[in-house]
Structures are given as structure tokens and as C-alpha cells.
Amino acid sequence: MIPDADDAITRDGKALILAYDHGLEHGPVDFEPNPETADPEQVFELAGHDAVTALAVQKGVAEAYYEDYADDVALLLKLNGTSNLWRGEPDSAVNCSVEYANELGADAIGFTLYGGSNHEIEMAEEFRDAQEAARDHDMGVVMWSYPRGQGLRDDTAPETIAYATRLGLELGADIAKVKYPGSPDAMAEAVRMAGPTKVVMSGGSKTDDLQFLETVENAVDAGAKGLAVGRNIFQRENPIELLDALEAVIFDEVSARKALRRAKGESHDENL
Amino acid sequence: MIPDADDAITRDGKALILAYDHGLEHGPVDFEPNPETADPEQVFELAGHDAVTALAVQKGVAEAYYEDYADDVALLLKLNGTSNLWRGEPDSAVNCSVEYANELGADAIGFTLYGGSNHEIEMAEEFRDAQEAARDHDMGVVMWSYPRGQGLRDDTAPETIAYATRLGLELGADIAKVKYPGSPDAMAEAVRMAGPTKVVMSGGSKTDDLQFLETVENAVDAGAKGLAVGRNIFQRENPIELLDALEAVIFDEVSARKALRRAKGESHDENL
Amino acid sequence: MIPDADDAITRDGKALILAYDHGLEHGPVDFEPNPETADPEQVFELAGHDAVTALAVQKGVAEAYYEDYADDVALLLKLNGTSNLWRGEPDSAVNCSVEYANELGADAIGFTLYGGSNHEIEMAEEFRDAQEAARDHDMGVVMWSYPRGQGLRDDTAPETIAYATRLGLELGADIAKVKYPGSPDAMAEAVRMAGPTKVVMSGGSKTDDLQFLETVENAVDAGAKGLAVGRNIFQRENPIELLDALEAVIFDEVSARKALRRAKGESHDENL
Amino acid sequence: MIPDADDAITRDGKALILAYDHGLEHGPVDFEPNPETADPEQVFELAGHDAVTALAVQKGVAEAYYEDYADDVALLLKLNGTSNLWRGEPDSAVNCSVEYANELGADAIGFTLYGGSNHEIEMAEEFRDAQEAARDHDMGVVMWSYPRGQGLRDDTAPETIAYATRLGLELGADIAKVKYPGSPDAMAEAVRMAGPTKVVMSGGSKTDDLQFLETVENAVDAGAKGLAVGRNIFQRENPIELLDALEAVIFDEVSARKALRRAKGESHDENL
Amino acid sequence: MIPDADDAITRDGKALILAYDHGLEHGPVDFEPNPETADPEQVFELAGHDAVTALAVQKGVAEAYYEDYADDVALLLKLNGTSNLWRGEPDSAVNCSVEYANELGADAIGFTLYGGSNHEIEMAEEFRDAQEAARDHDMGVVMWSYPRGQGLRDDTAPETIAYATRLGLELGADIAKVKYPGSPDAMAEAVRMAGPTKVVMSGGSKTDDLQFLETVENAVDAGAKGLAVGRNIFQRENPIELLDALEAVIFDEVSARKALRRAKGESHDENL
């Protein structure tokens, strides 16, 4: 990792990454709760929210929409990804070159590494190429560090997540995106293992507002530098309300409960 | 996808792609109904019909014939493809480089992706290279998005086709060519998932004139931007009649029934 | 295919290719009938016969001998090939680059494609590279189109050979070399499928003089543009006699019977 | 090997390499005995000790910390490495290019070769590329020569370690890092097999102070040029004490017992 | 093959190649009979003997020693090779690039091809790259042509060795190194199959002096252009004596018996 290399996608050293590559990774099913979110424009609009420090999308979506939002949204181009139509040992296609990401205006690249997969070595070597090319273009590097595959029993076990964040540091990521390891202590340990590499928690599937915010609060208290979130935003009825609350929790270190109350209030009466 | 990148192979934002790579994909058997269609010249002549916005062929056929038709026919060079002599998990050889396609005068490239195949990842990475090279040459990009292979139960299920069109958008295709998912509603959903990526229906095996036109009408009503058709044209006795009708259905939004009646009339008495 | 790209290895649009890569493909056993033919010089001398439009050899043989014969012999450098010591699914090593073939003075390249093999896709992609590089050097392209491998029941069935010649056209070969499909009608159909790509019959293992010539006559009558022959020349006691006869059959469209009689006469008394 | 190519990471022809890639290879578990050693800074500080001739780390750690220590620490960038989440036949991902290692200021490269693994050939070819690129940049080359994998019964047998050091010489390493083969005689033979390639003993898992130093003494007496050590330093309570002792044993050829006594004394009262 | 391309490693068209890559291929066990031969310097000294036309070593050994012997020894850099720790289907790692071999001062390259192995095709393609690069640098090309692997019953059968030498010619080797096929007649046939490619006999494991020399005499009488020898020189007590005798047998066509007697005499009293 290189200090400040992620400046363009963080604010005060913290990150709220809005992730929107579900159309590739999971398919249309993820848009069912809020059908209009199949339209990337909806999510680009959300990405303009002050809380959001970067929007993560695949190449095709960036090609079609980013130009119109370049002034308001920092682009984190997710370089690899694959459909879940394919059900083999975890692997991911590199769908975009760093050079092309740069042409599209990306501020940083995102890259998944499935540590523990039979394809880990190949993916790590693809990551190397991407990471070094990103350095040539002064782009930040975010690793989706997701141990997974044959031989991995528990992909959110504390020791797994601590290993995952460490992989981010050792291999040269500026930010490591990992699943929440179940407790604040485990998250603190994962953060400690990452050294100067920032750890952001992955939002995962949609949960209850308060429960979600409390997990984020716990993660931030434990030293995580923020959140990468997709479904927990765009599958909600009230995404802006939640973004308001997340901003408070992550950047202002307001408690989840207070942040949510305030956000709900604000959304009802912004002058309170 | 990049807005207008497919201008050279569309008209008013719609497309009727005449596909003629069956000699490679299926072999001579596809020419049996109309033996003279084994001669590419027959199909290049058809491609001069006003209705046709592009002709899709493999490299060798383009090399031999395109020069003579360059003024009248837009060339969609199909980069990959493979014989059906080989019966393994779906895969496709890249038979032409983008650079060579460009030298041959191609306006756009075509590329098959078998989502769900064990070879999906390799194919997606080959698509990446082709897509980015096409951008360098200002060529449009058409994805034959055909989920297929081990683990795929139903390759025309609504959710499969909706996922297929979404792959087109996410990975950077300007046009996604997919099978008809069985109903107008399913097609509408597939179109919606593709966002600004145009969806064209794949013609498939030869069917009854009216039935075929009605399916096209349904697809267009559902938002598809046209059709890619091969056997349903060149295996017919009356390809020009059908092209007349397709033009009416796709570009003028005439009903299938009326378009067919008019086309048959016209073909009997063009002065009516 | 590109019209006239094969001019240097054809005469009046026809070809008699003397093939001499048996040392690689079959090993010394093929030289047993005429032991002195193990010496490439013997075959280079034969290649100077007026009937022969090109000599097909591997790189090493071209390196050692071609310089001395460059004025009299057109060189068709066979790029791939493999020993039969290896007994797996059909595949072939690329033993020579197009650039090096060009340095050696080659007029055209030869390339085997085993359609239907598990290695078909890899071979087709190697063919692509070779074919496009050949275009850069204005060299003709000859495909040894030999469907073979797992799942292929009959590698000389009419439909197999018709598919084989079509692969030549679709993938960009100027000449497709195929096995004789058993009958003049089947050959005519294979020729028809190839369109402008010239079809030449592969000589195969040594047979009776007249029988061999009659097969060639049948093939030529059916539209084949000639022959690629190895063992049927160099395993004979009378190779020049047979070359005389082949010249008559292929280029002058003399009947096999008359051509053989004339050749035998000529060889007895050249002044008659 | 090239004489003097390793000058930057040796002193008087001897080496004490502090290795710190355990975060990648073993994960956080290796930091448990001394939790604060998860922080690379702790180890960079130790690397400033006079005894240490080079610090071996992966790319990400070098990126984050090396700049601040460049005046005091020689950098041995370990190019390959892999997590132990993956449990297949031994293999290792190349995580850093030589060019990038050079940009980071590396004085030498480190590379693991698992001789005897099914991946030995691929790894040897990756080593070739790295070794030759290192020569272009005048960087030394250290091989972690660790026979391992299917068919290897005993990875510290004398004949295995002698073969391992010989691989270092034959393939072009300046220094070969191997496990201790169990006896001074076996180490002497391994050293003899390496010719001019320097042999350094690998520290392995943590053992008793004196026992460890005596093994190092034996190795050095047998001709080894030093030690590469990780856990035996950073998992100790008294790393500086042990570094003092190692310096005496390796560079001054003091006996282990005396060196340890002196080091303990010095650490109690540095003015004695 | 290219006439005279091997001039730098032959004398009067004959070759005595001293091979010393056993440290890689077999490991330290090959040095046991004469332990001091583990030291490459011993063998470089032997290579200065007038009889020796080239010394074959791997990259690392050349790096360390060749500079001092460049005036007296011609360098045949063996590009590929692998340890026997790995016990799979025969294959060999490419450990040195041609460019680097050239920088090291190599006069020729050596390359193993295991015809009949499952890896034959990959190895043949690696040989292609090496052979063509060697041509660019005017270096000779020596093929270790060793049919071996799954499906090969007898790797010294006359027909196998004849095929092996032919592969040398067909693929572009200037010299083919093969095992002795058991009889002078079989060697003569193998020589005949190689055409202008020189055949040298491989020394193999150590045998009795006279028996060894008689085999060499037989091979040379049968047309072989010399010998590549390792263990039969450096595992002997009397290597210089044997080199004297080999020089007489190979270059002066003295009988084995007389050559040995003379060599023994000379070694006792060089002034006789």
C-alpha cells in the first residue's frame, strides 16, 4: 500500500464505497426488491450523496454513465467479476484493463482475490499486474479480499478475516474490503493485521436498518475505515435516509441509534 | 456500452443483423433447405436489402467477398466461433483479431459469451481484449450472450435471458443478442436489465412466416431493438418477402400480420 | 481467403503440392519403400518437375535445402506438425513462425486444423495468428483441414469433408487440403461448400497407379483444384512418370487412363 | 550466480537475512507469540540492527514502509509467495515484478522454488524470467530452494538439501536459502554442492536460544554463509539480544555459547 | 539445420561435447564417484582439453565460471533441464533465454525434446522459439532428442533413434544428440535419417574404458559426428587419458583399442 494513494476515493481517510456490480455477480435477482435500481442511473444519483466517497461498477456501466457524473462521483472501477451462472471453484474474469479504466476516468481499481481457492495463485498474479499498472496511473487499489473455495470451512471466521486483511497489506492494496468477522474484537484484530492498509467492511445482504448501522458502528469503533455497501442501500425503500445515517456513523462517529433517528428526522424535516 | 458506438450497424437506433456464420457453427447442413445459400454471394446480395443494417460473417467470408459489397453492406465481423464437430463444454475460438477485422473494413465486432460454461471466464477475458481493441478503432460491439453449459438447466428461461442481457451491459457490449425468452413480458424485463445496451432477438431455427414475424413484433413491442436472423431468412424460399416484412415490423412498427400481407402483395405486384 | 493470394503456389488456378513432412509426422517408416527418399534432396529434385506447383516441408528441411532450389521450387512451409510418437488427442506443434518462414523464402504457409479434436479451439487460434501474419507478408494460406479426434466417427464421410472445406473458407484459407470423400458427388459438394477457397485432394497412402490417377481425375472433374501428394510420389519406383501423368490429369484435364499411358510411353521414349 | 552480485545484501561475504513474509505465507497466527510484531514497523526497526544484512518482505510491506528505512536497511524483495489458505500441490504466486521491485528500491530479489512439486517446471521458468530481469537491474538473486510436494518423502534429508543448494547454483542464484539438513556434515556437503553460490540456513520455527545458535554455529562452521531468520527473531521476547548473538556467531565466528552469554551480558549492561 | 551454423562447437565437422548439467538433471549423486567433480572448475579445466569442442552447462554454472575460460572453451548453453525430484511425464523447464545465453557468450544452445511425451507439443514450441532466436544470434542449435514418456516402450530401439535424429533435421537442429541404438547398423540408419544434421552419440552412464571407446568407434564408423559425454569423463579416475583416446577415435579415426593403448602410454610418458 502507498500512503494517500486512495485519497481520491476517501474523505478524511475514511471510505463509503457504493458498490453496484450485482448485475454481473448475482444477476437481476438483486434488483427485485427495488426494480427501478436495475437502472444504473438510479445508483449514480445515489452516489452523488455526500456520504459516498466512491462508486464501484464494472466497465460497461462506467462506459455508459460515468461521463455525466464525473464531477460528482469518484469512480472505483471493479476490474474483475463473474456471473454466478458458473458454479465452479471460485474464480473471477478480468473484464477491464487498468489502461482502459484510466481512460474511463477511474480514480481507483477494485479487484477480488479469493484466497484459498484453487485459482488463488492465478488471481494473485492478475492482481499483481493490475496493482502495478494502477501505480503507473496513480490510481488507488482496493482488494475485495474474500477467502473462499475448496478447503475453506468458514469464510467469516475471525482468523480468516484477519488473514484476508493481511493479504491486502502484503500484496499491496490500499484498502481491503472484507466481510464482518462477527464481533468488534475480531474486526479490531483484522484491522490491526492490515497495518496501514485501510479496512472497509462489506455490507452483505440486506438487513434491518438499525442492526446494519450498529454493525457498521462496531466496525468503525474497531478501527475499520468505513464500508462498502450495495444491497443494503439500493434494496431499501429509504436509501438516502440510510446514507445520511451512514455518513454520521462513519465520518462523524455518531452512534448508530442516534444517526438513524437523526436521519429519519432529517428525512421528515430537514430543518430540525 | 458507449452511446452511438453502434451507429454504423443500426438505423434509427434499431438493428436487423443478417447472420451468416452457420457454415462454421453448424456446417453445410444449414444450407440444405436452400442449397444455393452455401454461396456467400447469395447472402451478401440479400444483405443489400434496405432492411438489413449489418451482415455478420466470419473472417474468411469477409476476406473473400466484403470488398465488393462495402458500399452497400455494413460489416459486423464475428470474431469467435467454432465448429460443432467438437462436442465439449461450450467454448469458442477467436478466429480473427480486432486489428484484422478493422483492416477488412468491419464496422463492428461480434463476440459470443457462453455465460455459465466452464469456459466463461476465459471467454470473458477474450471479450475484454476484443471490446477494448474495438473501442480503439471506434467499432461497435455486439455480444452473442448465450448462457449455456454445465449447470445451466434452461437456456431460454426468463431469468436466464435477463441475466444474459445484463451481462451485455456490465461487460461493455453496445448490443446484446439473446434468444427469445418465451413471452413479451420476459423480453421486456430482459430489455430493462440491459439499460442502454440494445437488445436484439436471435432468430433461431426456421419457423412459420407469421409465427416468426409475430415473435419479432412481440419482441420489438417489448423494447427489443431488432433482430439478428440467419436461417429464418436464408432457409426460406422467399427471403426478400420476409425482409420486407421484417423491415415493416422492426422499423415502422407495423403489425406482423399486416406487414406479411403487405410484403406478399408487394412481392406479387410492387406497384400496388 | 483472398483471391490470388495463392498465385505463387498455383498455376492457372490449380495446384500440385508435393508434400514431404512425413519424416516428422510418421517417421522413417515412410521412407522404407524407397530408402533414398529419406534424403530431402531427392524430393527437392522431384519438386523441380513442371507439374509441381509447390513443395511442402517443415522448417528444418527448408533451412537446409531450399536456398539451392529457390529458383525452381515454390516453398509451402508447413508451420505445424508433430511426431506420431505422441498418441493423444490429435494436436500439432507450431514448429515455425510465419516471420521465420518468410525469411526462409516461403511463398505460402501450411497449417493443420484437426476439427473435432479437443484441441480444435487452440489450433484454430494458432491458425488465426498464422493466417493474419501470412497476410502481412503476402503469403498464401493452405489449411490441412482434417477433422479428427474424440467424437468423430468417420473422418472421410461426405458430410465431414464438406464441413472440412467449409472451415477452410470460413477461417480464411486460400486452399483447403482434404481427404477424398469417397465419391465424385461428395467431392463436388465439398468443393461447393468451399466457395472460392480452392480444394485440393490429399494423396494419402500409396495405391495403384491407375486407381490413384482415376481418383485424382474424379476429384478434378468434381471441381477440386488439384492434389497434395507425398507417399504416392516418393514411395513409387516411377515418381517422374506419375508426375507426368498427374500434370496431364490436373492441368490438361486428360483422362487418367490416357495420361498414364502417355506418361509411361514418354518415360520409355521421350522423343516420341 | 555472479560473483559480488549479492554485495548489497551481504557483509564480508556473509548474510543475515531478516525474513518477514509470514503474514502472507502463514497468516496472523505467526504474530501471536508477540502480537506487536504484526506491525511491520517493529520489524523494520529490528532490521536496522547491525547484524542484519537484508530484510525480506513482500511488495505491499515494502511499498508502505521501505522509503523511511532505505538508508539503514537493504531490501530483499520476495517476489513470490502464497497464503496457506490454499492447500494444493506446492506452488507460489509471483506477486511483484522485478521492475517494480527495482522501483521500490530493492537491492535483491527473493524467489521460492519448490523442486519436486508438480509446479516445479512452471516455477523454474518464472524464476528464469525474474533472475534475468534482476541481472538487468544489477540486483542480487536469492533462491528459497525448498524441495517439496508429491513424491518428496523427506524435505530435510541430506541428499535433498544438497540437491536444493545445487539447484541454486545451476539455475543462477547468488544465494540459496535451505533448511538445515540435520548435521554439520550434511550442511558441509550441501555447501560444497553449491560451489560459489552462498548457502544460508533457514531459521524455521522458533526453538530454544542456545539450541538455535548452536545450529547456526554448526552451519557456519560447515561453510554456510549465514542465516535467514524470521520467527526465531520476531517471536522472541529478546530479539535484539539474539541478533547480537547471531552477529557474533555468523560474522565473528564466536561460539554459540559465548555469543549468547556475551549478548545477554550486553543487553543487561551495554558498557561492560 | 543451417550448414556451418555449428562451426564454433565443432572441429573439422566433428564434435566432442563435454556435458555437465548433471547437477541439475540427476543431482549430487552423479558426483559421488569423483567428489571433486562437484566443483565446476574441475570440469571447465577438462573442457580446455584439445579434444573437447564445446562444454554444455546450465545458466548458473556459465554465469559463475565461463568468463575465465572464454578463450579456451566453446560454450554450449543448455537452455532447458529439470531436476529428477519431479517424477511426472517427461518435461523440462526452460531455464535460460537465448538472449541471456548470448550475453553470457554462448556459441550454441542446447535443448531437450522428449518426443512421445505428453509434453512433446509444448516442448517443440519452446524449441521453435529458442531455435529461431538462436538463428538471430548466429548460434548453433543442438537438440537432445530423447523420445521418452507415456506410450514409448523402448527408448533406444533402432526405429526410435532413427525417428529421434529425423526430428532433429525436421525441426531445425544443427546437431542431434541421441542415445546409441545398440548396433552400428542402427546408428548408420539414424545418421542417414538426419541428412545434413550431425548426429552425436550420448555417452550415458559410465562403462568400461575399452567398451565405451569401441561404442564410440562404432558410432563414428557408422557416420556419427562425435560424442556428447559427461559421466564417462568426469566419473573416471583418468579423464584426460580418456579424452586423449576419444580425440584419436573421433577426429583421427584411430581404432578404440589403439587409441586407448596410445592414450595410456602417453599418460605414462608423454615424451614417447
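In this document, chain identifiers A, B, C, D and E correspond to the written order of the chains, with residue numbering beginning at 1 in each.
Throughout what follows, a residue touches a chain if its C-beta (ideal position, glycine included) is under 8 Å from a C-beta of that chain, and two chains touch if they have at least 3 such contacts.
Computed from a prediction, not measured in an experiment: that's the story for all the values here.
Asker: Under the document's definition of touching, what chains do subunit A and subunit C have as common neighbours?
Answerer: Common neighbours, subunit A/subunit C: B.
Asker: Superimpose the Cα atoms of subunit C on the matching ones in subunit D and note the rotation angle, 0 to 180, in steps of 5 degrees.
Answerer: 145
Asker: Using Cα averages as centroids, what's the distance between subunit D and subunit E in whole Å?
Answerer: That pair's centroid distance is 37 Å.
Asker: Subunit B to subunit E: how many Å between their CA centres?
Answerer: Chain centroid spacing, subunit B to subunit E, equals 59 Å.
Asker: Can you list the residues of subunit D that touch 2 or more other chains?
Answerer: none
Asker: Could you draw the chains as nodes, link the ones that touch, and say if you get a line, ring, star, complete or other?
Answerer: Shape = ring; chains linked end to end, path closes on itself.
Asker: Reading round the ring, first subunit A, next subunit D, what is the order of all the chains?
Answerer: A, D, E, C, B
Asker: Touching subunit A in the complex: which residues of subunit D?
Answerer: 21, 23-24, 27-29, 31, 35, 38-40, 58-61, 63-64, 81-83, 85-88, 91-97, 99-100
Asker: Could you list, by residue number, the parts of subunit C that touch subunit B in their complex?
Answerer: Residue positions touching the partner: 1-3, 115-118, 120-122, 124-125, 127-128, 131-132, 135, 147, 149, 151-152, 159-160, 162-163, 166-173, 189, 192-193, 195-197.
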